[in-house]
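Please see the structure below; I have some questions.
Letters A, B, C and D mark the chains as written, and numbering starts fresh at 1 in each.
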């Protein structure tokens, strides 16, 4: 069973994430139609297509370069709210991971935490604002706890994915306080947050990639 | 049984025509939607409302003045193709009838013929062009024949109304060669001409007014 | 207030219309009221529906008058002003104005040098302007008339009402307005107008029908996957209906009949016009398609207009107008114009 | 050709859209191509989607840059030109452009006196422009930013994303553009921009949803007898939905919250803006209603705009913007402007 993550696992993650957002594109857009502007599916698909195209042209050998490339490509291809936020997530993960070729579970935990902090630094979201933060924060927390308990990395990632999904579902009744959905006031309640939905996919595919590497 | 038409019969005609186009407004507009611009019902209703309002303010005592008032009011309140055409019809009828207080059936026949000629002078329509001419011409012809045969005026008017209705129905298969419907080419076939429909109403109400006066 | 509510109820009945209006019968006057409030440089008569310049042009210059049914805004009222029209007469929606009003407008703007009537070729417009011209000449006003008939969707034949007047009307009003402003005499202005009419052609299409306020529902039913090719500007159905197609294909269907009819290539003024409910992002996209096709056919687009200039209420769709343009026309085109709908150099 | 047909088939599938487009993913670039062909006075980069003036302004003057998602045309690209913007950056439909492109535009138009970013208050726009400003200042370009947030439909609170930027953006771009053209320094231009943002408010409504090309169907379902009050410009549902009402009633629902928020009366610049699919005849009618209400409330309308200036694709509806205007603002308003979307005095 694998205990570390290398660039090929990360590449697998990226490519699974691309596939999954592409497949779920209409659903993400539908969620964004209800409380946003109907482009979240298009945004994530466009961004991840650009990322994969970029990496196909030659993937960096170190984790920091790889994740920073992902982040920069998202920043420069997505736009909207999700571009800077997902972009910052990967940029900060890369910076935290450093110029290494693999990270262990603690290293991944630190990178994810740095990514989350980056999102907060950019978007100022707090728990319960009904944003992608609400899916990512519990996932990162769950991963941290699992790592502290020395749970195998694949199981830790699985738990994080489940936590992200639960966090996504918990956005349903919330009244949005950040992003476009906040303009709706009370009318934003009763809908899943699209960013939380794509974030849950990000953790789902991370778990799948790590499981696949095991 | 009446043998002449006086101004009160004409006023009754006008008011019946106003009532009938108002009642059939939607139908006329529907016909004009199919092969025109969806305003014939509104046009005729607006025009006849203006005529009745004008006459309510004091009706002229002679037939020529009465009919010319109707014609001028239509010209200055309807617009579109039907305004000048219906307006000219009444103007020419008035000119033909002269400054009298009543006309006999021959006088009415001559006036109607003059009205028809006026419409042709203005609009250049020929038989089969799918216009109001196609309802009016057979009506005027039928009235002429009935008068020549010394058929009572009420029956003559009834026959004219029937001829107008038949003329209207005969426009159904025609391809329009005048007015807006002509732009449609072959697609104008299979629809009644709206102007022919209002013209049939004009003769129907004339017959009713004369019958009412009998 | 109660009255307003009754009217709402009426609107809400089976005649639900998605329109920013009060009672359907008040649309024209209430819209003109807005024009009057928005444009102090215009004089808007809310009784006769005649729009003139607040500051009339000098004595001795030909005046230019146009008009027709409403529902084509900014045409014609939005083109009143320096370098374009002296007066516009607004009829009810899609219904030509009456002769007395056209005549009143004619009389009001005559500066002693005669008046040009710009008439779109519809039976109603032709007949009402004809009667107006008769009335005006009875009052000693010299009237010249140009009947615009540029729509290649319609067969032009001795046995029909001929082609409709559509998009070219906009270009003609601009160019002829500039000529009149220069002080040319009526005969020369009429001649110019007729030459322009001979050198310009248009073709239009619709993605949706429009809804006439007084009718309360769409003039024609157009299924979700169909479009009409060869429509006019009054919600008349077009010449034929076909499945929705990409913009490139639609552009070809509009450009080809124009070029076939217009013949030779060369410099041109081109308008890509929206029918009222089509947003600019689509109009520019269509312009890209149309311009590419025209240039390929040897037409050099010297000037262009892209936008909603002659509309058909809330119809979605567009039309293309191509006018062959020599140096004189380009000079007249570039002359200052100051109207709500078209403005430059002033 | 085969490719084109495949695309048509796609369009024709369950995503029937009544739009003049080819493939949905090409809408932006193909529309920009049309802009480029129609406006030789603009330089349109079809790769970065940046629109600049073909003739840049003189060295030493502050440059003004704006941008945002597409679908609001003529905003922003249609406001590039003398007296208004130096560059506009067009994002995908309803999606803010990316920082690198905003930065590229900023760098391209900087004339050594710094650059003002006009940003509408949406998280996406704010974040991307923020990153762009960081990038630009790393290159030594001084950037000032104004975030426009004029939409009174949205509660402005410390605990939300605040009010949206809508109609006021148009007026602000015009006024600030004029100030920059006069040669004022960046600090003074930024201060002016913030003052304008503080003195203007907007409110909008929709009769229909819009359809995002990539989504292929209306963003929200709005029954035939309902309207949305308090919408933005991205097809977001509004604050509440209610039965269709007469224009007079709608006008009241738009004007009242603006005045309640803006406070005192006095001279103002007022815009009655169409959302893209509403024809001028209705916009003028609405302007009549709105102007009457405002004047009654003591607002003296010194200048006005009526038309489609900041749209939401093919949405039917309108918005009202009121900006308090002193003599300085009126002078800046009257200064020459020469852009595709707004032009006078030039």
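Criterion: a contact is a pair of C-beta atoms (placed from the backbone, for glycine too) under 8 Å apart; a residue touches a chain by one contact, two chains touch by 3 or more.
Quick caveat, the model's predicted, so the values are computed rather than measured.
Contact with subunit B and subunit D alike is made by C. Among the other chains, the CA centroid farthest from that of subunit C is the one of A.
Chain centres here are Cα means. That of subunit C falls 28 Å from that of subunit D.
For the pair subunit A and subunit D, the distance between C-alpha centroids works out to 31 Å. The distance from the centre of subunit A to the centre of subunit C, with each centre set as the mean of the Cα atoms, comes to 54 Å.
In subunit D, the residues touching two or more other chains are 93. Annotation for subunit A: no residues touch two or more other chains. A linear topology is adopted by the chain contact network, the touching chains following one after another without closure.
Counting only pairs that meet the touch rule, the chains in contact are A-D, B-C, C-D.
Contact residues of subunit C toward subunit B in the complex are 69, 91-101, 122-124, 127-128, 130-131, 151, 153-155, 159-161, 164, 212, 214-215, 219-220, 232, 234-237, 239-240.
Taken together, the subunit D residues at the contact with subunit C in this complex read 4, 7-8, 11-12, 16, 18-23, 27, 30-38, 70-71, 73-74, 78, 93, 207-208, 224-225, 227, 243-250, 272, 276-289, 291-292, 301, 304, 306, 308, 311, 313-314, 316-318, 338, 343-346.
The part of subunit B that touches subunit C in the complex is made up of residues 29, 33-39, 41-43, 46, 75-85, 122-123, 177-180, 182-185, 187.
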